[in-house]
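This is the structure I have questions about; it appears just below.
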Amino acid sequence: MSQPDVRVAPEIAASAWFNTPAPLTLAGLRGRPVFLHAFQLLCPGCVSQTLPQVKRIERAFAGTDLQVIGIHTVFEHHAAMTPVTLQAFLHEYRLASPVAVDLAEEGSEIPVTMRRLGLRGTPSSILIGRDGTVLSHVFGIEDDIAVGARIAMALAASPSPAGTAACADGRCEAPAGEAGA
Amino acid sequence: MSQPDVRVAPEIAASAWFNTPAPLTLAGLRGRPVFLHAFQLLCPGCVSQTLPQVKRIERAFAGTDLQVIGIHTVFEHHAAMTPVTLQAFLHEYRLASPVAVDLAEEGSEIPVTMRRLGLRGTPSSILIGRDGTVLSHVFGIEDDIAVGARIAMALAASPSPAGTAACADGRCEAPAGEAGA
Amino acid sequence: MSQPDVRVAPEIAASAWFNTPAPLTLAGLRGRPVFLHAFQLLCPGCVSQTLPQVKRIERAFAGTDLQVIGIHTVFEHHAAMTPVTLQAFLHEYRLASPVAVDLAEEGSEIPVTMRRLGLRGTPSSILIGRDGTVLSHVFGIEDDIAVGARIAMALAASPSPAGTAACADGRCEAPAGEAGA
Amino acid sequence: MSQPDVRVAPEIAASAWFNTPAPLTLAGLRGRPVFLHAFQLLCPGCVSQTLPQVKRIERAFAGTDLQVIGIHTVFEHHAAMTPVTLQAFLHEYRLASPVAVDLAEEGSEIPVTMRRLGLRGTPSSILIGRDGTVLSHVFGIEDDIAVGARIAMALAASPSPAGTAACADGRCEAPAGEAGA
C-alpha cells in the first residue's frame, strides 16, 4: 500500500447481540479503538486460533479503553449455525466480550456487515482507530507480537481531530507531531 | 511500582561478542530502543521459550530501528558454558542478532553486566528506550502480545529530549503531549 | 481395579449415522478391536484435543483392522447440537471415520448409548477388544503414548483360536484368515 | 522392508556414563527391551522434541522392565560438547535415565557406537527386543502413538520359554520370575 487507508469503518448491522446489555455501534464507540473479529462457530481456524487470541487480547488490554467485538458472519452452513447454537457456543467457550449476529441479506449467502467490511472469509480481524478509521484488516491469523504492537499504537493515538498514528503493513509509525522535524 | 523507573540502563561489560563486526555499547545506541535479553545456553526456559520469542521479535520489527542484543550471563556451571560452546550453540540455534559474553567478575559467581542490571536469573529481558532509560525489566517470559505492545510503544516514542513514553507494569501510557489536557 | 473388566460392551443405539454407507453394530464388528470416542460438537476439549488425536489414531493404525467410531452423545444444549449442525461440523473438521448420533431417551437428558456405557461426560473413549469386552474406559484425554500402547495390545490379541494379528516392527497385520482369499 | 530385521544390536562403547552407578551393556540387559536414543546436547531437535518424548516414555512405562538409555553421540562441535557440559546439561534438563558418552574413535569425527549402529545423525532412536535384536531404527522423531505401540509390542513379546511379561488394560507387568522371591 502506498498510501494510508483512511476509510471510516462501515457500521455493524446485527440481528442479535450476546454478552452486552444493549446493542453496540461503531458510531457510539467513536473515540475508543475497536478490535473487531469476524468468525463462524464451525470455522476450525476461528475456534483453535482466533478465540484463544481474542482472550489473550482481552487480558493484555484489560486496563485500557479498547473495545473487543466479535461478529458471527455466517456465509455457509446457515442452517447449522443458528443463534441458538451460537449462544451455547459462546457459553461453552467462555467468550466474554460482546458478539453480534451479522444481519442476513435477502438473496445473498453473505451477511450485511461482512459485505460492508469487504471480508474475504473467516477468521478476519479489523482494527479501528479512535477516529473510526480502519487501521488494519487481516484475513487469517496474525501473530501475537504484531497484534500487540498494532493495538498498543491504536491505544496510544491521540483521540483529538489532529494527529493520527498509522499502523499498516506491520509497521507502526508515530503521529506526525512526534516524529520530529 | 508507584513511580516510573527513570534509571538509565547501565553499560554492557563484555569479554567477547558474536554476530557483530564490532562490540556494541548502549551509549553508542542512544536514540534507538534496545531489547536486551539475558540467557544461559543450558537454561531450559531460555532455549525453549526466549530464543523462539527473540526470533519472532527480530522478524516482527525487522523494518524498524530496534536493536536486539543477547547477553550470555553465566552464573552457574561456568566450566560447562564456555565461549566455545556458546559459539556452536548460536550456530546450531540460528540466532542472528548480536550476543555479548558477560564479563566474569573475579571472586564472584555473578558476571558484571548481570550484577549492574540487577538481574535475578535467566531468562530476563530489559527494554531500553530511545533516551537510554529502562522501560521494563522482566524476569521470566512475558507473553507475545505484551512484548509486542511494549516494543511498539518504545519505537513510537519521540527520540527528542522532551516527551517520553512510559511502559510499566504491563500498561503503556502515551507521552504527556499526546494524552490531551 | 483389583480385577479385570470382562464386561462385554453394550450395543450402540443410534438415530443416525454419518461417514458410513450403513449403520454399524458392535456385534457385527466382533473379531476386530474398536476405538469408540464419545464427543459433543460444542465440547471444547473434544474439539481441541480428542479430534486431533482421533485423526492421529486413524493414521497410525490405517493398515490394521482397528475400527474407529465416534458417538455424538448430546447431554446438554440439545437444541444447539442437532444432526444438521453435526453434519456441517464433520465436514468442516474433516473427520472421516463413522459417527453415530446417540439415540435420545424420552424423559432424559442423557442419550441411550451414553447411559448404557456409563459415560461420565465428554470426551470419553472406550477401547473394545476383539472378543467384544471393554479393555479400557477413559473420561478425558489420555496421552498418545498410552493410547498407542493400548491399541497395539488390542490389535495383537488373538481373535480366536485360529488367526492371529501380528503387530511388530511398527506394522500391524491383519489375521491370516482376513488378508487372503 | 520385505523381511524382518533380525540383526542383533551391536554393543555400546562408552567413555563415561551418567545417571547409573555402573556401566550398562546390551548383553547384560538381554531379556529386557531397550529404548536407545542418540542425541547431542546442541542438537535443537533433540532438545525440543526427543528429550520431552523420552520423559513421556519413562513415565508411561515406569512400571515395566523397559530400559531407556541415552547415548551422547558427538559428531560435530566436539570441543563444545564435552562431558563437563553434558553433565550440567543432564542436570538442568532433569534427564533421569542412564546416558553414555559415545567413545571417540581416533581419526574419525564419528564416535564408535554411532558407527556400529549405522546412525545417520541425531536425533535417532533404536528399539531393541528382549532377544537383543533391533526392532526399529528411526532417524528423526516418531510420533507418540507409534512409539507407544512399538514399545508395548516389545514389552509383550515373550522373553524366553519361561516368564512372560503381560501388557494389558494399559498396565504392563514384569515376568513372574522377576516380580517375586
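For reference, chains read A, B, C and D in written order, and residue numbers begin at 1 within each chain.
The criterion applied here is as follows: a residue touches a chain if its C-beta (ideal position, glycine included) is under 8 Å from a C-beta of that chain, and two chains touch if they have at least 3 such contacts.
Being a predicted model, the structure only gives us computed values, none of them experimental.
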| item | value |
| --- | --- |
| Chains in simultaneous contact with subunit C and subunit D | none |
| Chain of greatest Cα-centre distance to subunit D | A |
| Reference interface A-C: repeating pair among C-D, A-B or B-D with over half of contacts shared | B-D |
| Averaged-CA centre spacing for the pair subunit D and subunit A, given as whole angstrom | 51 |
| Computed distance of Cα centres, subunit D from subunit B, in Å | 40 |
| For subunit A paired with subunit B, centre-to-centre distance based on mean C-alpha positions, whole Å | 32 |
| Sites on subunit D at which at least two other chains make contact | none |
| In contact (per the touch rule at the top): chain pairs | A-B, A-C, B-D, C-D |
| In the complex with subunit C, residue positions of subunit D that touch it | 1, 4-5, 56-57, 60-61, 135-136, 143-153, 156, 167-170, 172 |
| Residue ranges of subunit B touching subunit D (in the complex, touch as defined) | 42-44, 47-48, 77, 79-81, 84-85, 87-89, 91-93 |
